[in-house]
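The letters A, B, C, D and E name the chains in turn, as written, and every chain counts its residues from 1.
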Amino acid sequence: MSDYRKILRDGLWDNNMIAGQLLAMCPAMAVTASATNGLGMGLATTAVLVASNTLVSSVRHLVPSAVRIPIFIVLIASLVTLVDLSLNAWLHELYKVLGLFIALIVVNCGILGRAESFASKSKLAHSAVDGLAMGIGFTLMMVAIGAVREVLGSGTLFAQASLLLGPAFAFLELKLFDGGALLMVLPPGGFLVLGGLLAAKRALEAGRQRRGVVVAQSA
Amino acid sequence: MGFRDLIADFKLQWGVHPDGHKSLTSERPIESMPLPERLVLPLAQHIGAPARPVVAPGERVLRGQRLAEPVGMVSSAVHAPTSGRIADIGDYPVPHPSGLAAAALVLLPDGLDEPVAFEPCEDPHSLEADEIARRVAAGGVVGLGGATFPAAVKLGLGKRNPVHTLLLNGGECEPYLSCDDRTMRERPQAVVDGARLMARALGAQAVVIGIERNKPAAIAAVQLAASGHPEVSVRALPVRYPMGSEKQLVAYLTGVEVPAGGLSAEVGVVVHNVGTAAEVSRVLRTGEPLTHRALTVSGAAISRPANLRVAIGTSVADIIAHCGGVRRDVARYVMGGPMMGMLLPGTDVPVVKGSSGVLSLTSEEAGGGSASACIRCARCAGVCPIGLQPFEMAARIRAGRAEAAVDLGLKDCIGCGSCAYTCPAKIPLSHYFSYAKGSLAAAERSRLKNESIKKLTAARSERLAREAREKAEAAARRKAEREAAKRRAAEAAAGEAAEERREVPQVSA
Amino acid sequence: MIGNHSLERLRPTIPFQAAMLALTVMLASAALGLADRATRQPIADAVAADTRTSLAQVLPTDSYDNDPTDDVIDARDGDVPVAVHVARKGGVPTAVVIATRARGYGGEIGLVVGISRGERVLGVRITRHAETPGLGDKIEIAKSDWVTSFAGRHLADPEPAKWAVRKDGGAFDQFAGATITPRAVVAAVKRSLELYRREHATWFALRKPS
Amino acid sequence: MTTPVHAPHAHDGGSVGRVMRLVMLALLPVTLWGFYLFGWPAIWLWLITVGSAMLFELVCLRVSGRGGPTILRDGSAALAGWLLALTLPPWSPWWIAVIGSFVAICIAKHAYGGLGQNPFNPAMVARVALLISFPLEMTQWVAPAPLFSGTGPDAIEALERLLFSSPIPDALTSATLLGHVKTEASRGVDLLASVPSFGAAAADGIGRHAGSIGETGSWLILAGGLFLISRRVIGWHVPVAVLAGLCVPAMLAHGLDPAHHLSARHHLFAGAAMLGAFFIATDLVTSPATVTGRLLYGLAIGFLSWVIRSFAGFPEGFAFAVLLMNACVPIIDRFTRPRIYGHGATDGRAA
Amino acid sequence: MLIAVTSLTLIATCLGLILGIAARRFHVEPPELVSELEAMLPGSQCGQCGFPGCNGAAEALADGLAPVTLCPPGGPALALALADKLGVQVELGAMGEREPTIAAVREDICIGCTKCFKECPTDAIHGAMKQMHSVMKEACTGCGKCAEICPTEAVTLVPVAATLGNWRWREPAFA
């Protein structure tokens, strides 16, 4: 059980794909102009990540080390293309929002990273959970970056969420004010917000560590 | 001032122009200070190994008597400035920024000032080069400009490298100090004579005496004294700090740079201070060793700024008392000039051979104030005479990366202090560099110790192994012997038994 | 199936490595081929539906009974290739939609211009653009209703010299801070009207390809 | 025992605060002239920018534990705010000033570690961030409405305008020369027609035309800059190089094709060239530390501003050029390090 | 589709062969980091680092479990060398200005049992049975093994005395 706890903790916080490993910077910068985009990209990536981790883990005994990277890449690229085709065919509205970015998932180094450093060494169930945890952690960060950029940049939050999640989620769409700082929805905004979030994570951890030290001393 | 000088001046990019404060003392002739009640003579007044005492506590010594002899190649002797009794040999405070005590002789003058028999020399110019160097060494002469490198060792440099020019440093670019200026004005003959003698010892064909332009009287005096000697020339130097630094002087006067990490002798030049030259002349002609020196007592806080000729070993407190004490709050007592001199932890330290000045500075003079962040104005880089980037080096040192500062030229830093003097953020740049050099030296020491310890450990384990082996061998041998003995005994016993049986076959148990 | 033991022996051999890679690629490409086959039709449908939606925005619902998505003529407006969709009612052309493009501030702007047989603008919609968010993107109907100001216009309404943004002395608003974007759209709409005037006879003469 | 204090035991008396105060003194004439030209809104804007910059500085110092209000006395925050105020449209609303100060102090300066650590010029980072974020507000220029002339609002009206961001009356809006010719060029009107249509005041250097305070009174800025050089606060290398880098290509291009390239005179006096050359590019923290480096840096800034003004979408390119070159400073410094005495020895005699 | 699948498979086969051969051809044995590190350590097995001997310390270093500043006898020079070897940054400040110590024998208590100099890893203690022992300053690493074993607590660790020779400037205080 504690195995799974550690895996979850790793994916969601400690070793978070964006905030911990600083991987997947390309989607983290390109897609997060709004929270909805971040969410969509996050969910698509999560799907690919779970599938690729499962797949890689299940063939891990068969794969010789000399050709493991090409094999993982082929698996991941195929999975991404499958997702791309399926979205285009059956979730066309969403595809219009995310279509440009789906192909980017192939080059998301986080996915290959998990395949190489975790799934190829771990048993099936662990790998699947790791994919899920990493994916959710990634999604949360994407939504966080997207939300900050969207609020500061366009004055809205979760605009067009109903397009992604269905009309039932229209309540998510908020309009806070008119206008906003354009810089935030442009690429530099992505860097600024990411930097801010990384700093916040560190500050949190440092604070916790300090408190831990104080507790240990007083004990 | 010739055209060549104009060009050379224009090309000088480095340096600062600190307020000279020279007028406090420059018109005060060098006066002799009476002997104090006690003299403390440190055994290390020079660069190199401390001298070894050759007298015992309680012994009576005469003026000029050798009290401690040099140890090793780079070292210098210590002589008694007057007659008296050696009261003690032990650790006493010495002029050093640490305030630590170090080995010193304590001499209580008896007031008789009874000299040993000196060997004057009528015509030192007829002496062989080696003999000149030998007599300079015997006289305990060291560089009086402050570097205190044994003068005789420097005179021997001509043997390894062909030296064509002797440069005499009359720059005296440090603020406040004027004792070299006074020496040149009062004893120009001695300066020129000493220079010619040293040139002879070095085998140098030319002597160039460089004097900063703000000392016109000294230039005139030395020029007059040198007029009969075509090999001696006097050159005026631009007024800026640190013109008197050896490397800068060589580059300015000869146009050649001393290679990094090398000696000026490698480019055929040796530099001596004008004060050293005057002493060399005196030591050779009279045969009397170096026991006194001229120094400047100055600073806004001192009642009576002066140039004094004092016995080595006189305490700073005595000197200040002689100059009427202080009349304002003293922020810092400094030995040497304000740019490179050391802060004295107290006034109960003696004057040594390298002490060119004793300054009582008020807080306004001393500057100071707390440091703020570097704003990268690069003034420090602009004034650095070596072409370093002090702000960058200090930043690396602050980040704990002294070895990265070495890449930027830390080891080329001459410690002139121009950078710290001019830094608007008041960052103690020179201090950072001394700190880094010190920690690098400590690291080097610990590396050497580490290596020797490794050897010791290896030797020990080898010894242990050998001992174990020997023990085992011995044990084996003993066992073998024992067994052999047993066997022999058994055999003997058997033999005996047989014998006995043979002899007494009838006996039965 | 190969036993664990023999697998350990086989894995370091070079032919096995090559075979594994080949097998993976074979399976992956086969899967992709099948997926492509399965999604081709739905994707084509979805794309057609998109076009239909945007055409419907600039065509009055009762003006046609054919599918203008399919009723398309490839034409050229100078050096810009345009697609002309013909709306017919009872086989008679009632209007056209010209899908054309303009050069905006941030790159190409795609737009559809619906034009009635009376040479009046039925509607204009932007289909894609990369204009600065908050400035040039007000040409989107979702951001501003500026684009509706074309409806009912005619080459003579306003007079040809006034077919320009206000800053250039024309009749159409520009947005504060952005002139280039609306200028480009106005010009493209005007060009489409001129194209229609020149070419509509030819287009309507063509029979609908069956 | 006293703690050892290292030599030197003397100091030339300069301080960071003194450097900043001299720069402010040099900025004073043009600022007062700007106050006169653009009236009360400009005065309020200046006060808010400088004030909020100092406030943010205080907050950042407190939060990061780097020191208290005494550090404010070094004047660096006030100076950053001051420079920013000189580059804003003089009638900007209050929140432009506050957001600008926030970006300059909190993001461009303290996020990098505070005074001396920032790689980019804080005022320019703030200006660019504002320009990109709020292109509307940042291009709302007004024609001069001098104090006491009755054309501009009085103190109270101006404060209301500032606080409630009321729109500027159409009669007063105007364009800068660089903006004007850029718009005209985009509809095909070339310089031969568009420059005269702007008016004669464009390049007399007195600044009776629309622009930021720092874009007008060019002669006063030049005087301030020369004062700084004479007091050795800044070297001559950067300003001279910047102006040369701007003027030389401008002269060449104008000579070849006067219809499409502004003259050097317009480049010098119509935009922020003077302020940039003497007060922005010379910022000590963000410029190279070597003489060669400073010359290179200045030339590149001048040239890049000319390129941006002439060929890019923005009418004024100085801020972008400065930021681009700020990013190059570590490399410039690295490759222009002075030769260390005794290294790579010169065996030949110098004289 | 069949053609696409077949050609891709063929390409993959070729690439697989090339990769397999390359992997064998360019195979490199990883260097024996642990033994290299151990060779750099003083080898006195003093245990001040908290690991069982220098070998243990070298293993911990190689695994990244110990800081490069772990070895007090090695001092900053060793820390720098180790950092260089392992490609990590070192902050010498973090070594702490821990005063270096050496062993000293209190003559009035020493009973001359020789236990300490048998224990000393660097043979820094000299003496013989029933005689005064003395410490060679140059060889002592200050490991404290002698002090632990001394039956009369005659051996203590004392700070190395500051002299003009080993004094150095401290880091300037910075506001």
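By definition in this document, contacts are C-beta pairs under 8 Å (C-beta built on N, C-alpha and C of every residue); 3 or more make two chains touch, one makes a residue touch a chain.
Just so it is clear, the structure is predicted and the values come from calculations on it, not from any experiment.
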Exercise for the section: Starting at chain B, figure out the least number of steps needed to reach chain C through touching chains. Expected result: 2
Practice task
Touching both chain A and chain E: give me those chains, sorted by label.
Solution key: C, D
Handout entry: Chain closest to the middle [Cα centroid of all protein chains]
Key = D
Exercise for the section: Any chance you could check whether B-E or A-D wins on number of contacting C-beta pairs? Expected result: B-E
Problem - chain A and chain C: spacing of chain centres that average the CA atoms, whole Å - result: 32
Handout entry: Cα-centroid distance, chain B relative to chain D, in whole angstrom
Key = 52
Handout entry: chain C and chain E: spacing of chain centres that average the CA atoms, whole Å
Key = 70
Completion exercise
CA centroids of chain C and chain D: separation to the nearest Å works out as 45
Handout entry: Sequence positions of chain B contacting 2 or more other chains
Key = 97-98, 372, 428, 431, 434
Completion exercise
Residues in chain D with touches to at least two other chains are numbered 4, 6, 135
Practice task
Scan chain E for residues touching two or more other chains and write them down.
Solution key: 12, 15-16, 19-20, 23-24, 169-170, 172, 175
Problem - Touching chain combinations (by label order) - result: A-C, A-D, A-E, B-D, B-E, C-D, C-E, D-E
Completion exercise
Per the touch rule above, chain E residues touching chain A in the complex are 12, 15-16, 19-20, 22-24
Completion exercise
Given the complex, residues on chain E that touch chain C span 1, 4-5, 8-17, 19-21, 23-24
Fill in the blank from the handout: Within their complex, chain D touches chain A through residues 99, 107, 111, 129, 132-135
Completion exercise
The answer for chain D against chain E in the complex is residues 4, 6, 67
Exercise for the section: State the interface residues of chain C toward chain D in the complex, per the touch definition above. Expected result: 105, 132, 134-135, 167-168, 176-177, 179-180, 183
